[in-house]
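Each of the two complexes below includes chain A, the first together with chain B, the second together with chain C.
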Partner chain A sequence: MNSKKEKTLIFWLFLAPALIAFAAIIIVPFFMGVLYSFTNWTSSTRADSELRFIGLENFTTSILDPAFSYSFGLTIVYTVINMLAINFMAFVLAMLVTSNLKFRKFYRVGFFVPNLIGGLILGYIWQFVFNSVIPSLAKVNEIFASLGLPENLMLGNRNTAVLALVIVGTWQYAGYIMMIYVAAIEGVPMELHEQAMIDGATTLQRIKTIVIPMVAQAFTVTMFLTLVQSFKQFDVNVSLTSGGPSVIHGGLPIFGTELLALNIYNTAFLSNNLAMGQARAVIFFLVLAIVSLVQVYVNKKKELEL
Partner chain B sequence: MKKSVAVAISLVLLAGAMFAGGSSDTKKAKQADGSISGSKLTLMQNKPEIDAQLKAYAAAWGAKNGVTVTIKSIGGTSGGMGPQLKSDYAAGDMPDIFAFDGLESYKEWEGSILDVSNEAWVAKTSVAFKYNNKVFGFPVAVEGWGMAYNADMLAKAGIDPKTLVNYAGYKAAFEKLDSMKAELGIDSVVSMAAAVEMGWVTAHHNFNSLLSNGLAYGDLSVVNALLAGNVDAKRLAEYADWVELLFKYADKAVLTTGNYDSQVGAFATGKAAFLHQGNWTDGNMKDVTFKMAFAPHGSMAAKTDGIFVAAPSFYAINKDSKSVAAAKAFLNDLVSTPEGAAYMVTEAGMIPAFSGIALQPSGQLSKSVQEYSAAGKVYSWNQYYFTGDFRDKTLTPIYNQFAAGKITKAEYIDLMTKAFIANKK
Partner chain C sequence: MINNKRSQTVAEIATIILFILFLSPFVLVVINSAKTANEVSRFPLAWPENWGNLFANIVTIWKSPNINYASSLFSSVLITVLSLVLLNLCAAQAAWVLVRTKTKLSSGIFFMFVAAMVIPFQIVMFPLLTWLRSITVLTGIRLLRTYAGMIICYMGFGISLSVFMFHGFIKSIPLELEEAATIDGCRRHQVFYKIIFPLLTPIHATVAVLNGIWIWNDYLLPLLVLGKGNAIQTIPLAVSNFVGAFVKQWDLIMTAILLAMIPIIICFLFAQKYIVKGMLAGSIK
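Right, the complex of A and B next:
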């Protein structure tokens, strides 16, 4: 009995540093944040800045703000495209680097490297690519002449700027997701493939009927990761487009590629309205939590047990 | 059992080490004799480009006076320093001296800013930040912008810079330069940026032409009318002509998607004859061989002969600081000692905001600003009377739409008018 108590004590003592840190930097700020979203908090010394509760005002104003609902819609569109693009690319790359390709280990590293570069730097590099490198192709060959026209710059139009965000997002994240697929694909027993090949199945048939069902567990993880990553996209958004170009939405000119996270940041720090930014972050959290729970539930149902 | 005791002790020690940072303040020595020696001073400022110079000066000053000075430089865009200052405030760790840029950010920190009306440097400057007849801000420098022009190129095209005083003068010059693009080797007449990330060029700097061009220094009549939602249609229409002219003769790629480097680079490499920027670009012009200077903006049909000159930011002393005496001494010494003056002018390349400093910055555009300033041909910076929210989130997209050709001039005027009316408090 005594030694059992001792074990419990040691268990909690070893857990304590992690628990304290987790509570101090995640749990406490989270609940304080929720609390602040019902106040007029500014974190400054404005003349009228005494903290007081204002009920749901921050939430109702946010929902009625056309720029916020626009950002919301845009983020959903971006997330869907980005999830599809990343997972498709990652799966194709994973199939490639698990085949008999020469230098496949080298490719694995190569595809993974963009993930090690910070999002801000990536954004600035790609801004240079979209603004300078691609237009300069026009000088190389007449076929590309239209790329040099200022009105065709990818970051100059809303739709192509969102596409640019997807391209950079995919370039950054596909290698990481590829690694998860690689692990799953390599876990598929060879016997299944051998059996299928004896029965005369083509490569495509094998992918469809063996690989995809067998790696369904990986899909649950990758879908979740890409969903959350796309929804929370911030750094590439800031450095690549800063929310531009503008669009007219409901008669008002607003930022055309301002994803939710950037909208929250701008509300808090450009508009100096920390409490409203906090309220938007709470809405953001709730929506993302519900969507990702649904996604995991749906994906789980499709997993196979061996 | 012994083992678990050892574990418990080490955990306590660890926790102690983690939280030790907070308790050292209580041991701070009291300075009853008024000496600043031994105190600590933290300064947060918004010009990363002078970070190294300021740190070097602060270290030398600190060594001489026995003060530990920490410099934090966070900057760039309008939101740059604000978030850090807010989180430091929330954490109870406000710097002793911090920079702010004008009325709206003064109001944000009203409760923390010390009244410095009785400081010795106040008498030596005309651009200190004042509110209700009290002085609250130490002017960091003087900066100015107008239309920077390549004097060699204008001479080659036979354009007299003295004609660049109103819309008609600019229109004639732009048309002439546009017809001589190939001869002059330029891509566009004017290097202008209107992408969303360059909103500070359009919705802050260019916007100020509407607010203060042609008015006496400090005249707030237009600002107050616009803040009240009363739009002077004639003034706005003339201003819209000017914006249209700038956008029309700009390189479309730089205009709609360019960043600071591409905008300034186009002028510095001789690909554009004009640049819509201020004297801070001197730092980017080190390899430039041509002559350049500022000309007034042509935002009005009537002639205007000045450029926009003011202090871009101010140092405020934190009222609740434990080192108010050291902070006051630091700012005073910037003005009154030769080392301080040498730092401001020679090292950091800034135009001093104080009289009695004989040094001159070496940059061509800074010299041009000083000439306008000495001649009294200056207009104020009134954009800070509008909130950052209004400028960045309301005006920036309007300019961006106009630059991209998505709206006409009439629609631009209409959107601007509606924005002012909606902004009415």
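Right, the complex of A and C next:
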């Protein structure tokens, strides 16, 4: 066998398993998914016989559905708050664990641990904290008496339940984002700090003029990372609130903390409307695709500036 | 970062407080796993009266048909390990030929892998189930509720990022190394297995960590492919199944959670350095 033929043969042989798995699991279902979103796809067992194109109906119905527009708005609010909370907490943690602490390596590991456990389990732990541990504080002291009242349960009220989702989200990701900041901060040359201290700069001044500009690159990475993570949040949503409590929106009772990923899932399985769920998933994809394009654009621009 | 004496003390105290706050939920899991249902509802913050309850609860969870711990642990390990082995091998092979073949087709395929990283699971998940069912009808190979189906799914969902990571690493390996091997009589595939593959160890670790943590903790994909309460269950599925059946039985739920966390915490203690490094590398994708 000549070497050129052999090269082509190995090219396809080596690529085949990856390509087959990729095509079978991503590409085919992706195009099926886009296609199905324009149909009346309902029951998967006899889909082929009755599948009919209905144009944009799933999309228009979705957009007009108060539960969907509410979920969309809620997801944006949650994403923004979560993104800011995670990055703020992570930056504070990073500043602390890069200072001259005795056990800083140990602390880093501790802050990182929640990130290893899946969101589903984290959500159950915090459901226990919010539903049992915090109300039990009422027994400790009169000051906390109001925490024991059923109407004050954090997960029982829409606003505080969203806050609870943010708390768990921050707890889950702050340690991971912290590690990214730590890597960036430790990349700042020590001489810069020494020179600044000789010039009499305070800690805060050094953070503002040296650390923040030097870790600006890391900020772009972490902002997009947490944005996408928050926007896709599903596991914690399922185990912590399951979408509850319900609120009245547009005259209808709907799930008060149902983020988009959960709304898509519930639309397909709870309301048994696969095509509608699929149309929402397409909208979900478009939003994420736009975010990714913006990210690529921002990174390209940053590279040019450097 | 912070250097003068007073702010040093403030930083030390703030860190300790935050550290305690961060880890207290885990402490709550442990102490409440060692209580009876009554004790938990009386006061969750109290120290357990009798640590022997921990073993009693563990035995209950171990025997519970809802969680089926031994079998779930086995399934989770099997699915994760096989998916990782296949992903690492297939992605490394694919990335190598894509790097070393300079054609439009080759870069087109690579671009497709990278572009697919934008595709969220949600847009694929419903048609995937229909499609896997059609494959079974056409070929007779059962993919839903089987290990094979689960592992193929993880191959598909993990391959993009894995190929991308290997691609970046292999690009930095000098071509001269391969040319020398070819002159010495190495066949094309031998060049990969004998020369390149051994050089990939660090990136193998990174890719395995990135995929491993995600696959081990994943909930939605196993929920769809394996279903809750069927013969094959992963640990997250089993925990969710158990919580559904034993609503508000917090003593047992906490024990189930404790048992679910132990394997990954043990792994982390042994491979801490690689795990942190691997997850950091993944952030830059």
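In this section, the second predicted complex is superposed on the first by the 261 of 306 C-alpha atoms of A that agree within 3 Å, B and C clash if a C-alpha of one lies under 4 Å from a C-alpha of the other, contacts with A are read in each partner's own complex, and residues count from 1 in each chain.
Convention: a contact is a pair of C-beta atoms (placed from the backbone, for glycine too) under 8 Å apart; a residue touches a chain by one contact, two chains touch by 3 or more.
Worth saying up front: this structure is predicted, and the values here are computed from it rather than measured.
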item	value
Chain B versus chain C as contact partner of A:178, first or second or both or neither	neither
Contacts of A:261 with chain B and chain C, given as first, second, both or neither	second
Chain B versus chain C as contact partner of A:274, first or second or both or neither	both
Touching partner for A:6 - first (chain B), second (chain C), both, neither	both
Which partner, chain B or chain C, touches more chain A residues	C
Partner chain in contact with A:113 - chain B first, chain C second, else both or neither	second
Which superposed partner A:164 touches (first chain B, second chain C, both, neither)	neither
First, second, both or neither for A:17, with chain B first and chain C second	both
Contacts of A:245 with chain B and chain C, given as first, second, both or neither	first
Residues of chain A at both interfaces, chain B in one complex, chain C in the other	6, 10, 13-14, 17, 44, 47, 132, 268, 274
Chain B to chain A touching residues, read off their complex	1, 3-4, 7-8, 11, 14-15, 78-79, 82-83, 86-87, 89-90, 107-112, 195-197, 251-253, 255-259, 262, 387-389, 392-394, 396-398, 400-401, 404-407, 415
Of all residues in chain A, those that touch chain C in their complex	3, 6-7, 10-11, 13-15, 17-19, 21-22, 24-30, 32-34, 36, 44, 47, 92-93, 95-102, 107, 109-121, 124-126, 128-129, 132-133, 136-137, 139-140, 171, 175-176, 179-180, 183, 185, 193, 197, 203, 207, 211, 221-222, 225, 232, 234-235, 238-239, 261, 264-265, 268, 274, 277-278, 281-282, 284-285, 288-289, 292
In the complex, chain C residues that touch chain A	1-4, 7-8, 11-12, 14-15, 18-19, 22-23, 25-26, 28-29, 32, 40-41, 43-45, 86, 90-91, 93-94, 96-98, 101, 106, 109, 113, 116, 118-131, 133, 135, 152-153, 155-157, 159-160, 163, 187-189, 192, 213, 216-220, 236, 239-240, 243, 250, 253-254, 257, 260-261, 264-265, 268, 272, 275-276, 279-280, 283-284
List of chain A residues in touch with chain B within their complex	6, 9-10, 13-14, 16-17, 20, 42-47, 49, 67, 127, 130-132, 135, 150-151, 153, 155-156, 241-248, 253-255, 266, 268-274
